[in-house]
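The first chain written gets the first letter, and so on, giving A, B, C and D; residue counts start at 1 in each chain.
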């Protein structure tokens, strides 16, 4: 599998700036029980697979650009340099899964059978103009079949006019912004994957409605689409209840600390602290919580709930902290012996020797790649159109490392593959799942429109 | 009122973080006459070295000592190997080289230790001091104390020792310095070594509060620039005072001025700097001779 | 003519020097006797300053510069200073942001004998009383003449075997210049310091010197005693402003 | 005459220069019809970046001032274009004068206090400008789209031209770049330009020449900001999207780095430096994908070693060597050899 680079990345000069924000949901943790997954059938290339392929091909148009007799070419754009480089671990996970699929599952499944994945990811440094250049390079020069992920809201927003005009699938984009699931009219070629920020905010709202129906809430949020989506999603979800937001503080990714904001929030004495921040800031906010007199119920958004991040602060003073999960965490002992986890741990070392298997972003990359594999299984023809059709007809499709009971579901009216999560609380050094998986679409109805 | 005091204290704590890096910036400026954009990243790198040592089982204090010595040697080497070839070239060239170093160290740390957020043990007890309604974390107070000590030591070095005199001379007038037999090249290298050591102190002090990651110092650098500019770029005391003013003013503006709010609080220190410089172009404590890049 | 009788401190042979783009010295030879004062005369651009800079290793050279038999050519400035060559550059080269006392201490940078340094400093304040009065003052705040004195004093703090003076009178009032030259002459006599002085004011220089060289366009066109120069009609009219 | 001597003849030189210019213009006009749309798009980015670099060059190279904040003017040009096109529905060409006027005026406004600041302090004050711009843009979300940014419809060529989108944008950028370069050349050659260079060499000398320093310097800042603003407008047209993340401090520093790598005080240097910075990331990514920043940082430093006077300086030296007399003694330089070459 080739990896190429490309031109872009601006001076990654992290100087200052833009830490990332957008948070693509990073990895998370556990859950139990292996979903019966998709263990993709090993390619029995020969006879019957072949026949089936032929049958399909008969009713299918010519394969799209990027599909040859023996390869399927995919592209990705990620920040491998600069302030948002933390997300650079994601393509490592994706690449590891696809290489694993090539080596052990016989390449791509279904109508793509017999073809090896070729995955080219490049560095956009989280810069929108670089992402545009890169995506154009992938589409025009590399002639990829589809973009398997662009990362972050701004780079994705900068490129989606182009991909939709070119009618190139831009699938499973690594951002939870709702806008990427709501504009099927103008941007039907773009679709997200991870639970969107509004859905996750609803999980916390539901948790409070069930357990603390008259709580006062103090919120720390990143001042961008990611923070706003969470905050507004939460606000909408608690509308009409006795839960009240009594303090809000925002921060910029260029701020060195959130100490001042936390001081103001603590002053409110709210019952609940809703922590909508990326990992460094989340750690600071957790550190503040651990040391101050203020002892709120701490809701930590999934963007920062990796056990590595929590462990950096120290588990002991944060016991009982609440988060929402949809993936299994390799550091969680409850997944020992779990089939998905075993596959992951057995293979990640071989196919991504330099990656830290416990890194939530590597886990996420593996999971989303397996989800893409599952999507290909559902696709009826080796064409871009067919791929997009499949993205809108997912029914209970499982993927690797998803929590038990969490599967992909979409329809013509629902372009959010994952909208269910499960509440977990920090017990000891691990997240303990609480209650049932909550399907937010069932509880709160479809996400209406982009907020912010 | 209680909130006000609390915000002032929090501002002083944050300001001392800026000050700690600003002192290293001032140090290298005084001893080599250049602005080192990579100073923060070198500090971050030093903090990682300490973290890795502690992770490998070395107790805290020996690890710190090794880190400081290592940083000194590292700074020295960076000057000899990377800066030397462009010595005597226009300042802008050297600025670009330090920007190159910035990117290099940031990426190297990410590559060696990943971008995951790490905890870092504080040399100070994780306790909070309470005076009536006012609370101040010991780690933050510790930074103020250590930065004060560092500035005091630097004052002694520069004003009371022959080595300090020689370093200042080499930075101010390399040509005349050579004519009295000073090995100017080594003095510059020594300046880098010392600045890297002070930077390492900053990194180790800051890491327990900001949490260790390759991007830990990026934002701090901008504020450290602001602090040094405000104080006068050649004055360590100015750097500390500047840092504290920047820290407190941004907190108060963010908390009490509604039009500003948290999202624009960065505007306040920047505005103060521009204002101060227009009235007193050398900064609060600087000497007027400082004009070059 | 004393050259032949005394030991030579410095022997320069075939010295070429390039400065920036072009060659400035085209192979010059000259000697400096131990304890003597040698002056180099010449018009602007003749290469006088370059000659001194070549001696202290500040420009690239070819040829040999023997200081008591040891070749200095190609060595770094610091190494040459270490061998006892002190240079007072044109335009003074004091450390303007440092006090008078700090300037003197810097001049003694290479010396390890603290007591000797202390004593020499006091001696400098005797030679240059005005510096004694201003020892805590910033060099940059001194007058031109005072700065020049400081520059000379700073160079002497090295206890040099050879003192190179580049245009010490530049920008000074005639009174001050005379005073300065008197002090320099005194130092030469009392401390037996060998001096090479480059000077526009040829009369003063010739009064001080016991050997003179005249440079034109990077070549030595005349060598001799001050009397020889004064007696030479062409030289006298060119550099002393009068005809014999 | 040998061919070298012939080359050194002033008349030949003048013709040579014209020939080179015509050839380059020819190549520039032919390129969009030969290369793939993606390559054309990349060339467009180089041209746009070069305009901003040239603007900073006016300030730094010719005026002796420095700015770490030109990304701010770039951003304001870009946002002016985006807001007028997207929110007010203006035709794309009409936004140009407005954006230029705004950035010129802002540059003039910043140029006045900049008069009082020198070197390091001016650098840091302008850095502050670059730092505060993104959060301020975010604040006025009604006009700027806030953190989400604004998507803009990319301008299309009039149907009669038959030009594809990328060709059209490239030609727009080329026209803008040529205008910017011509204007810069005129500024440099004009009385004011000579005054600017005099300032860089020696402020006292400039004053005795009767130059109104304050006015010239302030105007230079304004022109310089306007160049960045023009680049911003072209950016919006080409990328079709603006957001605060597009204009971080990284942009300002990239402009400065391109200027230095290309060569201070050289108009061609701006183009070469811009090309270097646009292509460098992909080279870095090729060299070490695990951590492209390592290669990027190292290459930037190496560039400083390899091109002491910028890439343009290197080109000038090579050109000088080509024109040097055959067995030139030791280190003859271009300047020296031209003089000597005057003999028949």
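Quick note on the criterion: contacts are C-beta pairs under 8 Å (C-beta built on N, C-alpha and C of every residue); 3 or more make two chains touch, one makes a residue touch a chain.
Because the structure is predicted, anything quoted here is derived from the model rather than measured.
S.K.: Touching both subunit A and subunit D, which chains are there?
M.R.: Both subunit A and subunit D are touched by B, going by the contact rule given at the top.
S.K.: Can you check which chain pair, A-B or B-C, has more C-beta pairs in contact?
M.R.: A-B
S.K.: By C-alpha centroid distance to the whole-protein centroid, which chain wins?
M.R.: Of all chains shown, the one whose C-alpha centroid lies nearest the global centroid is B.
S.K.: Could you grab the centroid distance between subunit A and subunit B? Build each centroid from C-alpha atoms only and quote it in angstrom.
M.R.: Inter-chain centre distance comes to 37 Å.
S.K.: Distance from the CA centroid of subunit B to that of subunit C, rounded to the nearest Å?
M.R.: Distance between chain centres, rounded to whole Å: 44 Å.
S.K.: Where the CA atoms of subunit C average out and where those of subunit D average out, how many Å apart are those spots?
M.R.: Between these chains, centre-to-centre, one finds 49 Å.
S.K.: Just curious, how far off is subunit D from subunit B if you go by their C-alpha centres, in Å?
M.R.: Their C-alpha centroids are separated by 33 Å.
S.K.: Which subunit B residues sit where two or more other chains touch them?
M.R.: In subunit B, residues 99, 102-103, 106-107, 110, 222, 263, 266 touch at least two other chains, as defined above.
S.K.: What residues in subunit D touch two or more of the other chains?
M.R.: Only 131, 135, 138, 249, 253, 257, 290-293, 296 qualify.
S.K.: Give the residues of subunit A that touch two or more other chains, as numbers and ranges in rising order.
M.R.: 11-17, 81, 85, 223, 252, 254
S.K.: Write out the stretch or stretches of subunit D touching subunit B in their complex.
M.R.: Subunit D residues touching subunit B: 60, 66, 113, 116-121, 123-125, 127-129, 131-132, 135-136, 138-139, 249, 253, 256-257, 260-261, 264, 290-294, 296-301, 304-305, 308.
S.K.: Can you list the subunit D residues touching subunit A in their complex?
M.R.: Within the complex, subunit D contacts subunit A at residues 36-38, 41-42, 45, 131, 134-135, 138, 146-149, 151, 154, 235, 239-246, 248-251, 253-254, 257, 277-279, 281-286, 289-293, 296.
S.K.: Sort out for me which residues of subunit B touch subunit A in the complex.
M.R.: 2-3, 6-7, 10-11, 13-14, 17-18, 37, 99, 102-103, 106-107, 110, 114-119, 126, 128, 135, 137, 209-216, 218-223, 250-251, 254-255, 261-263, 265-266
S.K.: Over in the complex, which subunit A residues touch subunit B? Could you list them?
M.R.: So the residues of subunit A in touch with subunit B come to 11-17, 19, 81, 83, 85-86, 88-89, 223, 249-252, 254-257, 259-261, 263-264, 267, 279-280, 282-284, 287, 291-293, 306, 308-309, 311-314, 356, 359.
S.K.: Going by the contact rule at the top, pick out the subunit A residues touching subunit D in the complex.
M.R.: For subunit A paired with subunit D, touching residues are 3-18, 80-82, 85, 122-123, 125-130, 132-133, 136-137, 140-141, 153-155, 157-158, 161-162, 179, 223-225, 228, 252, 254, 354, 452.
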